[in-house]
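Okay, got some structures for you below.
In what follows, subunit A forms one complex with subunit B and a second complex with subunit C.
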Partner chain A sequence: MIQFDQVSYQYKSNSPYVLNDVNLSIDEGEWVSILGQNGSGKSTAAKLLNGLLRPVEGRVIIDDTEITDDTVYQVRRHVGMVFQNPENQFVGTTVLDDVAFGLENIGVPREEMIKRIDESLKQVDMLEYKNHEPTKLSGGQKQRIAIASVLAMRPEIIVFDEATSMLDPIGKKEIIETMRYLHEQYNLTIITITHDLNEAAYSDRVITLHNGSIWFQGTPRHLFQYGEKLEEVGLEPTLITKVYHSLKRESFAVKEEPLHFKELVDELWTLYLKT
Partner chain B sequence: MDIVFENVNYTYQPNTPFSHQALKDISLEIKSGSFVAIVGHTGSGKSTLLQHLNALLQPTSGRITLGNTELPGADHEQIKTIRQRVGLLFQYPEHQLFEETVKKELLFGPKNFGFDLKQVETELSEALQEVGLDESALGRSPFELSGGQMKRVALASMLLAKPQVLVLDEPTAGLDPLGQKKMMQLFQSLHENKQHTVVLVTHNMDDAMKYAEKVVVLNQGTVDCFKSPRELINERERLKAIGLEVPEPVEFVEYMKAHLGVLWEEEDINEQTISRTLIKHLKGGATS
Partner chain C sequence: MNQSLIIGQYVPGESIVHKIDPRLKLIIIFIFVFAVFMANNLWSYVLLYFFVFTSVALSRIPVSYILKGLKPVWWIIIITFMFHLFFNSGGNVLVSFLGINVYEQGVYQGASIATRFFLLIVLATLLTLSTTPIAVTDAIEALLKPLKKVRFPVHEVALMMSISLRFIPTFMQEMDKISKAQAARGLDYTKGKLKDRFKALLPLLIPLLISSFKRAEDLALAMEARGYQGEEGRTKLRQLSFGKMDYIVIMSLIAFLVSFYMIRV
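After this line comes the complex of A and B, so read on.
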């Protein structure tokens, strides 16, 4: 379990607080999206999660251990991070070397290392690229390698810090599929930092930050009910949310806030056309 | 200035075992004052092509005419003129910023091109305002800024060099939705009000279809097609086959047509026309 206990953060003592008295808790096996516009504090929150930053006030607690100078390295083994730009996280000349890097660092024996590399590449469906050069891969494939490198360390929690925002639409889909698979098959706790509501639609819960405070907390479906109000916190409602809300204004009886366009169309089909 | 490519080929590391032909027999014409998008999958040749637009790369064979300059064959002075007239905004702003302060950064280009710096200094605050930055940024280091702010500084420094052509490589990647919209609107207004030629290189089909007058589709180093967004909508299968996603609204319309039997009569596909068509359809359907 992850807990933020009255966490505040400022980058310099004379600069404004980017997070202000934030309390939150995330359960084991949960998939939570942290949403917000640039400057809302969401990336700061991500960095506090694995001790890259330490709160100015308050505490960050992972599985009953508060992150401190003494515990940070221990905690980091449980919390893997995937960053925005796949180009910046490669160290190896082949995919294999790259995934091996973290394992070598923590002294995993060779036999175990080979096993873990194959397993984690398989989890992201990149095993056949084991001996490829990372630079020749597409954005989505590079990001999957970055995920494999994290998986090989066997964390219980993975934080995706805007991991899809630099990718083309196909790459985005690949990564979202990978997240869903890992969440369902391995019960990993997944935290995605994003401003893409289509991506957030897949998570169990969303936390929306605005000016360093929690603006909303609940299911994606509940968040989407805000419709155009989402623009006030710099989020763009999805196409389907916009269409749904214009139907609602015309008093069509559509029951539930849809997450995807298939949900909306299928419900319309049942309601109006079946007879 | 018009940009004309005639049978352009480009090969990286020719005559070596690593030789790789990135552009194959490219012919196309970008008219002065137009808004063109270049789309393609990873490895389609997009970035190689865009580097030809301001002579960072020159064709291995074939010919490019930029205004009244021809490549290959231009001398040093001519190439310098091209670099001033064709501004390039890179995908990763940190690749093009290097000065100690934003102010120095902004003055670097104009100084290099021999502009009157006193004059340029009076234009700084307006340039910052135009890209949505505060004047207080001038004294800060560009590296203290967020990704979105760095991108804006790079854009302001490009605009201060007074280019005629703006070449933008994934200008909105990594920005939040509001920032993306604002930046695209800025390019549109530069295009409409100042007659800049805009070349937008992107994998975001939504933006390409929404803002560009014509779209170049690149596939494996060749021009697959060069069409208006309206014509492209009918090429969904073809786009998908080369790894490009059609915009979400187009996909939604197809799904509605197939599953609800909606009759599509609108010319443009966007959230308003979708809502309008659905409402019309449902009202008809509900009463019958």
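After this line comes the complex of A and C, so read on.
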């Protein structure tokens, strides 16, 4: 569904490459996290996905269509994007207007628009806020409206470009729950750009970028096995990973690398029973 | 609290005044401006007063809100009235005290100018109280549409207006934050000479300006990602349409204008 074919990118012709000869492919219905520290090229990768940036070398192919000047508006209908700052991506004066904005852009007839707005607001559980102004919403709520705006355009792929990084823990949880719901209910292809390993733990596959190249590709469980080595590429191992790895160092017989809190707890009480 | 100044002026309601098409409201105000300056005898003024007070009554907006809107202009009204009262010397002397003569013309001119101001401002306040800013923007866009023929960027101007409206509260909050941050660093812009106070404003305005550029960049990116490509091929959610009520209002407006014309000398 998504293919990066030897993609390189640099912001200016004499500056270093932010992405260097990256090949990757993402299947339909997959949830992929792109991880990396600041300057690893992950945000650049996100912007390449819907033609906000065009590769200096190589090709980006979405649904068998290469992104070019002619296809870029077509591609943007299939690839929705949610950005980092909840305030700065809210275009409309009310929730209703904001969700309508994207639909107006792609020329959806008015009756259809009204239907889709209600539908997408329901999907993110924000229907009752339809006539609210953005100042009256929390960061997490604004971010959910941003998701609804994207959903209303019926994309097949949604890219979350650090969409949780400016939210408080509650907002963060809400957004991750929404991602999971959309992934499970509608089989949407989800790509999350993040440096938060807790968030990445929910995805099917993780791609870690480091200095513009792919450093790791595989399941989150597999990635977490790197333990403290993750710090070398600027990622902070989760508390779960840290506890697990210190247990392992003390040569406790622990089984599988845990991903979520519950798995670690299960691991711990079985361990306690055994000793 | 600050926000109520600009955005929160709107008082939600279900009255006729709230419900009529914003385009019609703007046209009425436009016509009214001419009417006010064409009034030339007592009865025509009475009719104008009647028109404005009926509108206010129909809107069911508490009078206190309208008085609040008048607050900043009371002084201008009173001063212009006084000015005419004391310095206009046409007609007969009406009263004379402490060596100052008050002439007939002075009273009449003063009263009519003050009335014009007063009526216009009450009606304009009524518009902002009964119409959401976004509806006003829509109306302006619709009314300016003919200008498209002379390549006036109507859609862009309307979009700029609505984005500005959207970001006013955001910038207010930001200004509040910055001024607290600078106060924590010892900035004080409430004391000292006027010149110093203006200088002290700079550390507030520059961060605000810089962050507004950052916001503009982010917003442009978000708009582009949502497929914005100018006016072409765009549909609109908000559509203005005239209803039965609007036609009734138009009829009464015509009746008002005709009787106004007849009453005038």
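The rule is simple: the second predicted complex is superposed on the first by the 271 of 275 C-alpha atoms of A that agree within 3 Å, B and C clash if a C-alpha of one lies under 4 Å from a C-alpha of the other, contacts with A are read in each partner's own complex, and residues count from 1 in each chain.
In this text, a residue touches a chain if its C-beta (ideal position, glycine included) is under 8 Å from a C-beta of that chain, and two chains touch if they have at least 3 such contacts.
The model shown is predicted, which means the values in this text are computed figures rather than measured ones.
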{"item": "Combined model on subunit A where subunit B meets subunit C, clash or fit", "value": "clash"}
{"item": "Contacts of A:38 with subunit B and subunit C, given as first, second, both or neither", "value": "first"}
{"item": "Which of subunit B and subunit C A:5 touches, first, second, both or neither", "value": "neither"}
{"item": "Touching partner for A:267 - first (subunit B), second (subunit C), both, neither", "value": "neither"}
{"item": "First, second, both or neither for A:21, with subunit B first and subunit C second", "value": "neither"}
{"item": "Touched partner set for A:235, first subunit B, second subunit C, both or neither", "value": "first"}
{"item": "Partner chain(s) touched by A:50 [first = subunit B, second = subunit C, both, neither]", "value": "second"}
{"item": "Stretch of subunit C penetrating subunit B in the combined three-chain arrangement, among 22-30, 94-102, 184-192 or 220-228", "value": "184-192"}
{"item": "Common ground on subunit A, meaning residues reached by subunit C in one complex and by subunit B in the other", "value": "85, 87"}
{"item": "Residue numbers on subunit A that touch subunit C, as the complex places them", "value": "50, 52, 73, 76-77, 80-81, 83, 85, 87-94, 96-97, 100-110, 113-114, 117, 133-135, 149-150, 153"}
{"item": "In the complex with subunit B, residue positions of subunit A that touch it", "value": "37-39, 84-85, 87, 138-139, 162, 165-166, 168-170, 195-196, 231, 234-236, 239-240, 242-243, 246-247, 250, 252, 261-262, 265-266, 268-269, 272-273"}
{"item": "Residues of subunit B that touch subunit A when the two form their complex", "value": "41-43, 92, 146-148, 173-179, 181, 203-205, 243, 245, 248-249, 251-252, 255-256, 259-261, 271, 274-275, 278-279, 282, 285-286"}
{"item": "Contact footprint of subunit A on subunit C as seen in their complex", "value": "3, 7, 133-134, 162-163, 165-166, 169-170, 173, 214-215, 218-219, 221-229, 233-239"}
